[in-house]
Amino acid sequence: MPTLGDYLLVSGLLFSIGLAGVLLRRNLLIIFMGLELMLNAANLSLVAFARHGVTAFGLPDYNAQVLVFFIITVAAAEVAVGLAIIVALYRLRQTTHVEDLDRMKF
Amino acid sequence: MSPLLSLILIPLVTAAFCMAGSAPRRISLFGAAANLILSLYLLASYNIEIGGFQFVSENALFPAYGISFSLGADGLSLVLLLLSTLVTFAAVWVTPKDVKFGGMFYACLLLISSGAIGAFSSIDLFFFYAFHELALIPTFLLIGIWGSGERQRIAWKVTLYLAFGSFILLLGLIGLWLAVPEGLRTMDIRLLQQLGYAGLLAPGPAVYLLLLFGFGILIALFPFHTWAPEAYASAPAPAAMLHAGVLKKFGLYGLLRLAVPIFPAEIQQFAHLLLILLLGNILYVGFVTIAQKRLDLMLGYSSVMHMGYAFLGLAALNQLGLGGMALMLFAHGLTIAALFALCGEINRRTGTLEFAQLGGLAGVTPKLGLLFGFAAMASVGLPGFASFASEILIFFGAFGRGAVGGFNWFQTATALSLWGVVISAIYMLRAYRRIFWGSRGSAVNDDLNDIAGGTRWAVILLIAALLLTGFRPGLLLDYLNPVFAYLPQ
Amino acid sequence: MNPLYLEVFVIALGIIMLMAEAFAGPGHKREIARAGILGLLAVLVATFWINPEALNAAAPYATFYRADTLAIFLKQFALLSTVIILVMSLEYAPTVEASLPSERRGAGLGEFYTLPVFACAGLMWMASAVDFVMIFVSLELVTISFYILVSYLRRDRGSLEAGTKYLVLGALSTGFLVYGITWIYGVTGQTNLSAIAAALPGLSQAVVPALLFGLGLVLVSLGFKIAAAPFQFWVPDVYQGAPTPVTAFLSVASKAAGFIVLLRVVDTFVVVPQLQAKIVPLLAVLAGATMIFGNLAAIPQSNLKRLLAYSSIGHAGYLLLGVASIGAPFAGTAILFYLGGYLLMTMLAFLVMTVVAQAAGGDDLSDFAGLNQRAPHLAFAMMLAMLGLAGLPLTVGFLGKLFIFESAVAQEHYFLVALGVITVAAGFYYYLKVIRAMYWLQPADPDAPEIPVGAPTRLTIAILCALIIWLGVYPGPLLALLP
Amino acid sequence: MDPHLYPWIILFAPLVAAGLILLLLPRRNAAAGVVGIATAALTCLLSWKVFLQPELAVTAQIPWLDIPGVFAVPIGVILDDLSRVMLVVVTTIATLVFVYSAGYMRGDEGIPRYYAALCLFLFSMLGIVLADNFVMMYIFWELVGVSSYILIGHYYRKDSAADAGKQAFLVNRVGDFGFLLGILMLWLATGSVMFSGIEQNLSAVTLHPGYLIAACLLVFCGTLGKSAQMPLHVWLPNSMEGPTPVSSLLHAATMVAAGVYMLARIFPVLLAAPEVVRDVIMWVGAITCFAAGLMATQQDDIKRILAYSTISQLGYMVVGIAVAPVNDVAMFHLFTHAFFKCLLFLCAGSVIIAVHHEQDIWKMGGLLPRMPLTALCLVAGTLALVGCPGFSGYYSKDLIVAYAHGANTAVFWITAGAALLTSFYMFRLFFVVFWGRPRGSHAEHAKQSPAIMTIPLLLLAVAAVAAGYPAVSKHFFALPHGEIPHIVHFALLAALLGGLALAALLYARSPMTDPVRVPLFANRFYIDNFYDWLVARGQGGLAVLSSWFDRWIIDGLVVTGAARTVWATGYVLRFLQLGNLQAYAFFFGAGVLALLYFLVFR
Amino acid sequence: MLNILFWVLSVLMLGSAAAVVLFRNPVNSAMSLVLSFLALAALYVTLDAFFIGIIQVLVYAGAVMVLFLFIIMLLDLKAEARRRLNVAALGGGLAVLAGFILLVVQVVKSLPAARLPFPPLAGADHSDVAEVGRALFSNFNLPFQVIGVLLLVSTVGVVILSRRSLR
C-alpha cells in the first residue's frame, strides 16, 4: 500500500524534472512543457493531500480538488497565452531559442 | 500670519516670481531687503525681559508622530535670522547683473536663504531638518550650472556628501525621538529641551555621536571637511557667501539647540574626542590653508578652520564658551561672506585667483584693497570686529574649564587653538600682501576699474555690521545670554 | 453599498469597453479610454461610500473576500493608478499604433485601453483575497493580463522579448506558488488564512519544516511579484521592454498588490513566535539584498526607463524593510504610506517620461538633456518626482522613508538602517543624474519644437505635483485612509 | 568742561579723527594733515591738564563684553602716576611727530591714509596707556600692532616694505600668543582680568609657584614681541622700511616702549612672583642690549643703526624692570629715551630728505657745514644716548646700570659693555655722516630742511638735554635716592670715552668704506636667516605636507575611495543582469534554494 | 496490487517526463508529455480522484497537448540545431536540481503523516463529480467567477497577440 510519502516523493521528483526542463533546455516550447510538468506535480501532491485529509464524512477534501481544478484551468489559459506570445515572437524573429533574447541586458 | 512665517515665505514667493521671469534682480533685491527689515523689526520687538521663544505659531499636522508646523524664535534664532537676511541681501546685491539664466540663479539663492531661515525659526524637529534640506538642490544647481573649475565633479561631491551627512543626522534625530518616553512623544524642540533639563530624556551616547557627526559633516568638522573648500572655490561668489556664511551655521545651531540641552553628559564624556577633532580643524587645516596657492581655496579652508573655534566653545559647555560660539556664528558668517564677495570681485577683474599672478592690486583698485583689508582683519580676529569678541569669549570659556596649578586637556587645547590665531594671521596677511601689496602681478594692469556700485555697498554693509557688533557685542549678547543662562558655572 | 459590487462595476466597465471597441469606428478609440477613465473615477468615488458591514459573514464568499481598510486602500490605489495608466496610454497611443500590424490605424488600441481595466479588477480582488485559492486566481488574472500587456507591441523586439522573459519567469514563480500552497494546505489542511492562523498553534513540532517549506515557496513567488532580490532579475529587462504605461502599471500597482498579499500572509504566520523568529530574519536579509542591488546597480544606468526599474527594486527594498519591521506599531501604516507616495512619484515620472519620449524619440537620459530650456514645466515636474523618489524632505517620499526607518529603528534593525542610509545616499546619485541631464546639459537640438501635452495629462501632472508636496508637508489626508 | 571726561576725550578723539579722515577726506591731503595735527595737539593739551591735576581720578567704565554674573570686560581708564607720565610722553612726542610729518611726507600720494593710520595708532597707544584691565590692554596691544603694520607698509608697492609690515605683525602675533595665554592663566588663577583684581587675589596663586612663573613669563612674551627683545627682535630693524617719522614715533619712542610699560603696569605681580621670573627678564634684557649693540656697530643704513640702538636701549629698560625695586627706574629711562631717540630719528629723517631718500651712510658725509642745525640736534641726541654727563641719558641709564651692579655683577658688566658699544656706533654714525668729505653728489647739495621739520627737532633737542635733570624728573618720578657706587660712574665714563676714541680712530679720517668688517655682526648673528629658513622649511614644509595629506589621503583615499567603492559595486552588480533567460532561471532557482535552506534548515 | 500499480505508473510518468526534457525533437517531447499526463491521470484515479483524472485527460492530454502539437507544426520546428553546450548553465542547473531534490526528500521525510497509509474512505457510494460540482458552484463561486474573467482576458489576449493583422 503506497503511503502519502510515496506520492509526495513522486510529485517532488516530477516537479524537479519540470524545473530541469526550465533550467537546462533552451527551446521555449520545451521550457513551457517543463512549467506544465511543475504545475501537474503540484496537483499530484494536492490530490494526495486531499485524499489523506479525509473529512468528517469520510470523504476526500473536495475543496482541494476544486483548487486542482482551478489550477488546471489557469494552466490551460497560461498555455494559450504563452503559446500565442511564442508564436508572435517566432513571427518576428524566426526563433524560439532563449539565447536569441539578448537585446536588453545590464 | 506670523512674522516668522512671512520671513520664510517672502523668499519663496520671490523665488517663484524669479522663475516666472521678468526683472528677477529687482524683485529679489526687493524681497531680500524686505526680509532684512523684517528681521530687524523682529529683533527690535523681541522682549528680552521675558526671553524664551516668542512669535510662536503652531499648527499640528500629524499628531501620531507629534509633527506640527510650529515656528518660534528665541535670542539665538533671532541673531541667526539677522545673519541670514543680511547675508542674503548682500549675496543678491553682489550678483553680477549679466549672470546667465538670471531667474533661476536668484531663485536658487532665495531658496537657500528661505531654507536656512526656516531651519532657524522652526521649533519642530521635523521642519528644523526639512527646511535645511531645502537648500541641497539649489546648491547642486548653483555649483553645477554657474560654478567654475571642475564644477560638475565638485557639485556631485558636495551634494552627495551633504546628503549622506544629513541622513546620518536624520538617524540621530529618529533615535532622539524614539528616546522620548511613550506618551510624551513630541517633535517640539521646546518640550525636548525641557525634558532634557529635567533629565527625562537620555538617548545615550550613540545618538549623540550620530548628531555630532551628522551635524559635523554639515559644518565640515575634521576629518569630514574636504567637501567645503572645493565647494566654495567652485561655487559662484553669492552661492559661496550664502553657503559658507549661513547654511554651514545650521549644523552649529543644531548642536546648540539639541546637543547642549539634551546631551550635556555625553558632551562631557566625549570632550576629549571633540577637542582632538577641533584641533584638527584649527591646526591641521590651518596648515593646509597656509599651503594654498589660490585665494578661493584658501578662503574655503580658512572657513573650515574657523569652525574649530566654534567647536571649542561647544566643548567648553559653559555660558562663556557657548555665548562666544553663538557670537562667532554671526561674526564668521558676515566675515566669510564679505571675503567671498570680494574674492568674486577680484576674479571678475583679473580673471585669476592665483597668488602667483596677482600683486600690487591696491595701487589700481584702492577701495577694493581697503575693503578686503577690513574683511581680512576681521577674519584674523582683530579687536573691533565681532570675531574678536567671540574668540575671546570662547578662549576664556574653554580655558575656564582648566585647573589652577595644572594644565589639563582644556587648557592645552585652548593654548593650541591660540596658536591658530597666529596661523590665520599668517595666511591672511600673506594673501593680502601677495594680492594687494608688492610689485604688480602679471594679471594686474592699470585699466582695472575699482569696486563700485552694489557690491561695494553690500560689502560695506557687512563690514559695518561686524564693526558695530564688535564695538558693542552687547547688542547681540543681550539676546544670547539668556539662552545659556541656565548653564552651571 | 456592498464592496463586492466594486469589482463587478469594473468588470462591467471592461466588458462595455470591449463591446465599444468592437463596434466603435476607427476614429473613436480615444473615447473608449476617456470612458474608461471616467468610469474608473466613478468607482473610485464609490469606494468612499461602501460599508464593509454589508458583507454577509455567513455567505460562502466571506471566506475568500474581506473588505477591511487595507483592502479598501489598495482598491483605491489600484483604481487611481489605472486611471493614470489610461491617461498615460492616451499619450502613448502613437507608439502602439506604430508597432502593431494593423489594416487601419487605431486597430488594437481599444484592447490596449481595456486590458488594464480587467487587470485593475484582478488587483482589487487581490486586495481582498484572504484565501490561498482566491489569492491564486486573482493573482493569475493580474499576471496573465500583464503577460499580454507587456508583449503587446508585436512589431517591437523589446516588447516581445520582455513579454517572453516575463512569461517564463512568471510561470515559474506560479509553479512555486502552487507547490507552496499545496504544502501549506497539506500541513494545515486549510487554504483560508484565518483558518490557517487558527490551526497553527495546534500543530506538532514535526510538521514545522514542511510548513516552512510551503511558506518559503509562497514567499518566493511573492518576492517575484514585488521584485525582491534575488528574484528581481526579470525587472530591468521587462520594465525596459514593456510599453511605458505598462511598465508604470507593473512597477506601481502589481508591486503594491504583491505587498498587500505579502503583508496578509506574513501577518498570518508571525503570530507563532517560533515562525516569526524564522520569517523576520529572512525578510531582513531580502530587504538588505534588495536595497543594495536596486540602488547600487542603478548608478551606472543611462536609460531612464531601466534606471527607474532599478530604482523600483530599491524601493521594494525599503518596503521590505518595513515588512521586516512588522510588529512596530507604525510599520503597517508606514508601508502603506510609502506605497501611496511611491504611486504619486513614480506615476509622475513615467507620465513625464512618456510625453518627453514621444517628442524626443527615445527614453535615454540623453533624450532629456536640456529639457529645462525646452519645457521648463515638464522638467520641474520630473525634478520633483526624482527628488521625491530620492527622499528629499517636504516631499511625500521623505515621510515614507522617515516612517519606515522609524519603525526599523524601533525594531532595532540597526544594520539594515545603516545600509538603508548608505543606499539612500547612493540613490541621490542616480536621481540627480536625471536632474543634471535636464538642467546642466545643453539640449542636443537647441531649437526643438514645443513638446505637445494633452489636457488630461497636463491636469494629471499638475495634480500629482501638488499632491507630492502637499502630502509631504501635511500627510494627514493620506494617513486618514490607512488602518 | 568736566575734567572727568578728559581721559575719554584723549582716548577717543584720535579714533574719531581717524574715521573722519578715512571716510570724509580720502582725497584731501592738507585737510587730513590739519585734522591729524589738531587732534594730536588736543590730546596733548588735555594730557598735560590731566597730569597737572593729580587728584583727578576716573572710575567710570564703559561695559564692553558683559555676561552678567560670569564675566565682564569693561573699557575703563586708570589714572595713576604711571599712566599720567606715559600720557604726557606719548601725546607730546606724537604732536611733534605729527607736525614733523607734515613736512616729511610732503608730496606723498597717501597722506590721508598716513594720517588716518597715525591717528589710529595714537588711539591704540593711548588705549594701552589708560587700560585698566588686561583684556583691554590686549585689545589695544593688537591695534597698535595693526597700525604699525599699516604704517610700515605705507610704501606698499615696495616689496621690502610689504614684507616688513607683514613680518612685524606676525612676530608680534607670536608674542601676543604667549601674552594672551598668560592673561588667561592669571585670570583663571585670580578670577579677574582687572589689574587691581589680579593684584588683590594674587595670594591665591602663590600656592602654585610653577603656575605663576609660567603665567608671568608668558605675559613677558608680549614684551618680547612688542619691545623687540631677543629672540623676537628681528622685526624692528626691518620696520625701518616705513616713513622715518613713523620709525621715530612708533618704533623708537612710544609703541616699542609699550612692552616695558606693560611690565611696569604689572610690576607688583612680578615682585610677588618667584625670583626666577625677574632673573629671566633680567638676562633677556641684558643679552638683548649687548647683542643689539654689537649688531648696530656694523650696520650701514642710518635708520637701522638707530633701530638696533633702540633695541639695545629697550634692553636696558627691561633690565631696569628686573633689577630695580620700583618700576620708576625703567620708566625714567623710557621717558628720556623717548625724547632723545625720537630726536635722533627725526634728525636722520631730515638727513634722508636732504640727500634725497638715501639711507646708506657710506653715501653721505661732510654734512656738518651743510646742515648745521640738524647736526647740532643729532649731537645733542647722541650725547644723551651715550649717557654723557649733563645729558638726560646719563641720569636714567646710570641708574639702571647701578641697580644691575647691585643685582648681578655679570649683568652689570654686560650693560656697561653695551654702553661702550653705544658710544662707539653712535660716534661712528656721527663721523661717517657729518664729518669729512661728502661721498656723493646728493650729499654735496644737501641743505637744511624746512622750519616745519626743524622746529620739532629743536624742541625735542631741548627735552633730550633737560629731561634727565633731577629738577625735571622729580616732577614725573619718585626715584630712589640711593648712593650710586663710583665703580658705575667710572665704568660708564670709560665706556663712553673708549667708544668715542675707537670711533674717532676708525672713522674720523672719513674713509670711503668701513675699514672693519665683522660679517657676524653685519648679518645680525644670522638670526634672521635662521628664521627665514624656519619659516620656509619648517612651516612651509609642514604646510605642504599636510596639504598633500588632505588632498590625497583624506579626500582622495577615504572620501573618494568610499564613493568609488559604492560606484564599482553598482557596476559589478549590473553585470549580473546577463539578459539571458536561462541565467535568470538559474539565479531564480538558486535563490529559491538559498531561501528555503535559510528558512527551513537554519 | 495497488502498490505495484502505483510504482509502475510513477515510473512511467517520471520516465516520460524525463524524456520530455531529454528529447531533442519537440514533437517527441510533446508525445512523451502526453504519456506522462496520462500516467498522472491514472495516479489521480488511484487516489480516488476520478473527476480530476478525467479533467486531466480532457484538458491536458486533449486540449493543451493539441495546442502544443499544433504550434509545433505551425512553426514547423525541427530538432534543435546542436548549439554549443553551455557547460556553466548545465552544471549550475544540475547543482540547483540536486539541491532541490535533496530538500524535497528531507521535507517529505520530516513529515510524520507521510509514513502513514491513506485512511479508508467511508463506502464507495459517493460521486465525486457531484461533490466537486457542489463545492465549485456554492463555496467557490467567487473564485470561479474570477476564473471566468481570467479566461475572457486570455481569450482577448490570444486574439490580439496571434492574429496576423488586426482589424
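Letters A, B, C, D and E mark the chains in the order given here, with residues in each chain numbered from 1 onward.
The rule is simple: a residue touches a chain if its C-beta (ideal position, glycine included) is under 8 Å from a C-beta of that chain, and two chains touch if they have at least 3 such contacts.
Everything quoted here is computed from the prediction, not taken from an experiment.
Undergrad: By that same contact rule, can you tell me which chains touch chain B and chain E alike?
TA: Looking at chain E and chain B together, the chains touching each of them are C, D.
Undergrad: Comparing the two chain pairs, does A-C have more C-beta contacts than B-C, or is it the other way round?
TA: Taking the two pairs in turn, the one with more contacts turns out to be A-C.
Undergrad: Can you name the chain that lies farthest from chain D, using the mean of each chain's Cα atoms as its centre?
TA: Between chain D and every other chain, the largest centroid distance is to E.
Undergrad: How many angstrom lie between the CA centroids of chain A and chain B, rounded to a whole number?
TA: Spacing between the chain centres: roughly 66 Å.
Undergrad: Counting only Cα atoms for the centres, state how far chain B is from chain D in Å.
TA: So the centroids are 36 Å from each other.
Undergrad: Would you kindly tell me how far, in whole Å, the mean C-alpha position of chain E lies from that of chain C?
TA: Between these chains, centre-to-centre, one finds 31 Å.
Undergrad: Averaging only over C-alpha atoms, locate the centres of chain A and chain D and give their separation in whole Å.
TA: One centre to the other, that is 97 Å.
Undergrad: Which residues belonging to chain C are in contact with no fewer than two other chains?
TA: Where chain C meets two or more other chains at a single residue, that happens at 133, 137, 140, 144, 147-148, 151, 154, 164-165, 168, 172, 183, 186, 209, 213, 236-237, 422, 429.
Undergrad: Hunt down the residues of chain D that sit against at least two other chains at once, touch-wise.
TA: Residues 574, 577, 579, 581-583, 585-586, 589-590, 592, 596, 600-601 of chain D touch two or more partner chains.
Undergrad: Which chain B residues reach two or more other chains?
TA: 160
Undergrad: Mapping chain-to-chain touches, which pattern fits: line, ring, star, complete or other?
TA: Contact map by chain: other.
Undergrad: Throw together a list of every chain pair that touches.
TA: A-C, A-D, A-E, B-C, B-D, C-D, C-E, D-E
Undergrad: Would you mind writing out the residues of chain A in touch with chain C in their complex?
TA: It is residues 8, 15, 18, 22, 28, 31-32, 35, 38-39, 41-43, 45-46, 49, 52-53, 61, 63-64, 66-67, 70-71, 74, 77-78, 81-82, 85-86, 88-89, 91-93, 98, 101, 103-105 of chain A that touch chain C.
Undergrad: With touch defined as at the start, can you tell me which chain A residues reach chain D in the complex?
TA: Residues 19, 22-23, 26, 98-99, 101-106 of chain A touch chain D in their complex.
Undergrad: Going by the contact rule at the top, pick out the chain C residues touching chain E in the complex.
TA: Where chain C meets chain E, its residues are 11, 18, 60-61, 63-65, 100-104, 107-108, 111, 114-115, 118, 121-122, 125, 131, 133-134, 137-138, 140-141, 144-145, 147-148, 151-152, 154, 183, 186-187, 204, 206-207, 209-210, 213.
Undergrad: Give every residue of chain C touching chain A within the complex, in rising order.
TA: Touch residues, chain C against chain A: 132-133, 136-137, 140, 144, 147-148, 151, 154-155, 157-158, 160-165, 167-168, 171-172, 174-175, 178-179, 181-183, 185-186, 189, 191, 236-237, 240-241, 306.
Undergrad: Going by the contact rule at the top, pick out the chain E residues touching chain D in the complex.
TA: 86, 89, 92-93, 96-97, 99-100, 103, 106-107
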